[in-house]
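The letters A, B, C and D name the chains in turn, as written, and every chain counts its residues from 1.
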């Protein structure tokens, strides 16, 4: 089931960039959760293209329809089917892609794997598929919000934001506090540090004018997570987060806590010593990034995801056609010079899916019986 | 099934550091594969502790016994159960760990999650669990070797090695060629670049003498992989590799191809243009790291894994006990100042598990029928 | 994932009786399969209510829309999403069911399990959910048809039909040959034996006139199945068929081959001796029903499914309300005196799903590599 | 993972009839469950061959060893690995089976599927594999016992027994009450009705003296099950029970509640009307067999399993050899004229596995959050 994610709270996405629609089915949602279309639409709106002048001008309303699993404003425990019609289809705009493999896109590998491929806008490999993830993630976020409040006195909150675009990096000390959503959403690049955001925007505009593209890094933090989530040995929390993030288009790396830079420290520098704080066992530092041995320890979960520069550029590129003959591809049409800002709600959605799934699993295994 | 990895070729590991034994059950192994105990023992020997003076002195023979699934030297398609008895048990050596949580170990999180914990040597959270992974990986490697030769004319080969210990980094140009196994195994640090290896060894000895520890980075390359492995959208090849690696103890990061540094390039610099080479569609560069859209493209798969410094250090550390009272932990006894060299066969084993699983999946979905 | 069936060829169904729509997502369909809407519509039409005067008069067009996974008349390997809008909704017709639990329906158990329930027409527990199964089964049947022809020279064919309604039983010798589809579809009861069919129709009309209902038995046969399908030990072919059938509404029993009556034979009577026929290893008899040790042996697969009488009857019944108070339920409105004839295409669909799934699994495990 | 059963409480069995050992790994067992070897040994002793003069004389001690997952008398949440060495191996006793396919055994289908087969005593297809199921089931039963008592005030109890051997059937009214374990275990045929048991024993001895064999039927009842277990739509409780039972060697049928005979009743006769009893919603009758819509309703779960006569008989039988040539098989050696009595603890074990799995699933989905 390569199009399904999760073990107890599962999402199955379907749909192609230029097919009739995209959507998702969520199975395993706890019953009685208050849910309305607006909860989902709000997250889809954050992901929607055409929101600013630094992202793709593709125009999509992305109105979601909930087709099942809801009764009088609450979930019933039955699967929740959600559908978004594709609107902005341009017949003929993709004719060149039928014959030529775009560099660093999935055209060639889909053809090699399946022996057939919907070339229009990347078909299934398009980031449009993430509409379904964001819709499902919105349900997961509602669970984390209400469930966290009910069970632990505070909602579980997820906040992602850009810390890097190209070689522009947010100062390390700028991210000390958990950023407010308003700070993230204040600019179209979704970097909560205004000066850095301004520079990022400038850079993106510059590369766009050159028909080029840039990548970047998203940091994601989760607070309010109770200790105990994550299932050794293979389904460690960070392992499932890593899989979730590397399943997103254009991602090239994942790190948690100290990450790659932690490999340059000594144990005496890296270890998070325990202390007793407000009657709870806490760590004085958080180089672990919120998990130890694959299980959440109650600290903030902190991870980062690396995105490569958008593969589509408005420049001629050497390539081969479907017959293996060398040719040239003339990029043109819509162009998204930096997809990273729009990936923020997607990263948050995937994090939410992982957390809810592990919350349910933890409940099943460890909380059902009290021997 | 948190202790099972894979969908078609699955491994279930079991066992604790100081229980009677550790082991694994492999299900889904193709029938008729020639297999003998020596195939598995060879890999276990590479992983075994006590092999040099820079790793843990724990003494284990690690003799594997195959209990099922084999008949007259070949696999039968039935599950393969493998068992390794634990030998070096030291009653009393871990008494301190019963009461105190070791910093940056899993003691606290296991206790928080399960309400009980086998404190002896870390119990289930010990890296001793990876014995089962390496045993299963040895079977997977045999499939890649023989199956690759039979189906594609050349074995699929996996080679991991250290590129970094603490702040000592192998020169980038030293890894241009696929390193020979002999070059990797030439030194106990498993870095194929002799000068770097010598410096790594020196550093590890230095930190050991200070009772401290260091981390590092392993790079892993796979050659001979046919195009088409990997299952969009969630089971992308790199997503499953990321999960596999982050499921290993002490890992903090994963990146494929250009990884985090790729996020600093422009699209025009990063894209791997296609070309026709020896009648095959190839890419001129490999910043993608061997996959596009989550599917292998026939190029070398290249990824890196970050390991934090060993949490166990021979120094007093502040911590809390199981009652939440602040106390001090006096590290003593066996100590592995750098686990990264011994992680090399483990990384290879996990990569082999991912690849065989996806090979079987690709075969099932795309090769069974020719419409 | 309780709403997903299958391991490699999976179907996820969603939707309630009186929600906006019902549907299914198929994942794992081999690419390049020729498929059109008419393939699916044909099976949905066989399942559709309101086709004769002995079944429910609920009026539904049941027009299916394919939303993804198809490109220029062939499958692409991407998930196939199918949607059928619900039309015949009667606001208010189900008000009584909001407060009262209908005997032998799922009203009470859904309420007990989920703490909430969509009472309209049974909600998720309605047999309307099987629309998605039949749609997915139509794709599976196409694979069996074309794949069987391509790989084995003949299509794999599935034929189900009624052998019993109430106490009217088709003569045992009437089913010696594999019945033609036309013989099954010749009457609205789908019994290929005309005399028995006539008596069944008469009986159904009689009980309908009394406001009562009857059950029955469906036999299903599959021919053309290659030896080797089925995965010991838990995923035996008959085990997965049994699960598939008992997952259907109103089913109470499953038997394969000799079934319950086989338990009254001696080994010397029951054993199917092997013989060599037309160069193939065959059995002289087929009390095994086409599998041995959970694996198909190349003979016809033959199984039977028992259906209880429809729970909805047009008679007053004692029951309790949601508060536990005893009350009376006055059945009225639409009424299906015998659901078994309409279950025929559903049984076939489920059998097709099981067979394709095992075909893909067999291919993956046993055919990928030739050592 | 064809050798794994369950979704949250999983058992993976391994081992062949004449390999070194058989065993099982249980994953997902809740932590802190009091468990000792004796709990498991007791169930294995019930299953053990050689206990009376009416079953196989194979001599096995079947001593179980627990290798992991237990710490100071309680489970830890880590996988529990259990091992039983095979003792009674007879080199040479199975030489004839290497060349000839035994009728109605799995010899031919294993060969056809895998292209290789361990012929000794049936290899993986031997009922010896069920040792692992019984061991795992013993853990599940302990959970049902202690968990039921803790959560619902009474243990969940499973009781299976023979209602039929060959054509000897226990009187219907003899099973009105839930039979005492002592009544079941009072005779080697495990029929709680003494007169019927005596006739069964007589019949088994008679067919044994003729070198023949007989089948039978096991009924299984479960009391104390809370309402709410079972997951529509595919993972209905009866669907998973059906799969569990049809995954056992020699089974040909499954029915729940009224079963096949229920298909001969009218709705007005079959419906279980609700009533209020001792403050609970109960049904006046139990033709449903304890589930409605796939979910337990709090009544006794009652199902029956049909077993064919043992395929091994001590008579010459026509068959073919591995080359397809017709030949004769001379049965000899050990012989079990009726396996059904020994299947009783196996049926109970499988029922326990299904129930615990669904209990955990119900807890995860429906009890974790209270919105």
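To be clear about the criterion, a contact is a pair of C-beta atoms (placed from the backbone, for glycine too) under 8 Å apart; a residue touches a chain by one contact, two chains touch by 3 or more.
This is a predicted model, so every value here is computed, not measured.
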| item | value |
| --- | --- |
| Intersection of contact partners for chain A and chain B | C, D |
| Result of counting contacting C-beta pairs for B-D and A-D, higher pair | B-D |
| Longest centre-to-centre distance from chain C, chain (CA-based) | B |
| Cα-centroid distance, chain B relative to chain D, in whole angstrom | 39 |
| Averaged-CA centre spacing for the pair chain D and chain A, given as whole angstrom | 45 |
| Interface hub residues of chain D, defined as touching at least two other chains | 2-4, 13, 28, 31-32, 74, 77-78, 113-115, 124, 232, 361, 366 |
| Category of the chain touch graph - line, ring, star, complete, other | complete |
| Interface residues, chain B side, partner chain A - complex | 2-5, 13, 101, 103-106, 108-110, 112-115, 124-125, 129, 164, 166-167, 207, 212-217, 227-228, 230-236, 238-247, 249, 251-260, 262-276, 279-281, 283, 287-289, 291-298, 306-313, 315, 317-320, 324-326, 361-362, 366 |
| Chain A contact footprint on chain D (complex, rising order) | 8, 28, 30-34, 74, 77-78, 143, 146-147, 150-151, 232, 359-361, 363-371 |
| Of chain C, residues touching chain A in the complex | 1-4, 7, 10, 12-16, 19-23, 25, 27-28, 31-32, 65, 67-71, 74-81, 83, 113-118, 123-124 |
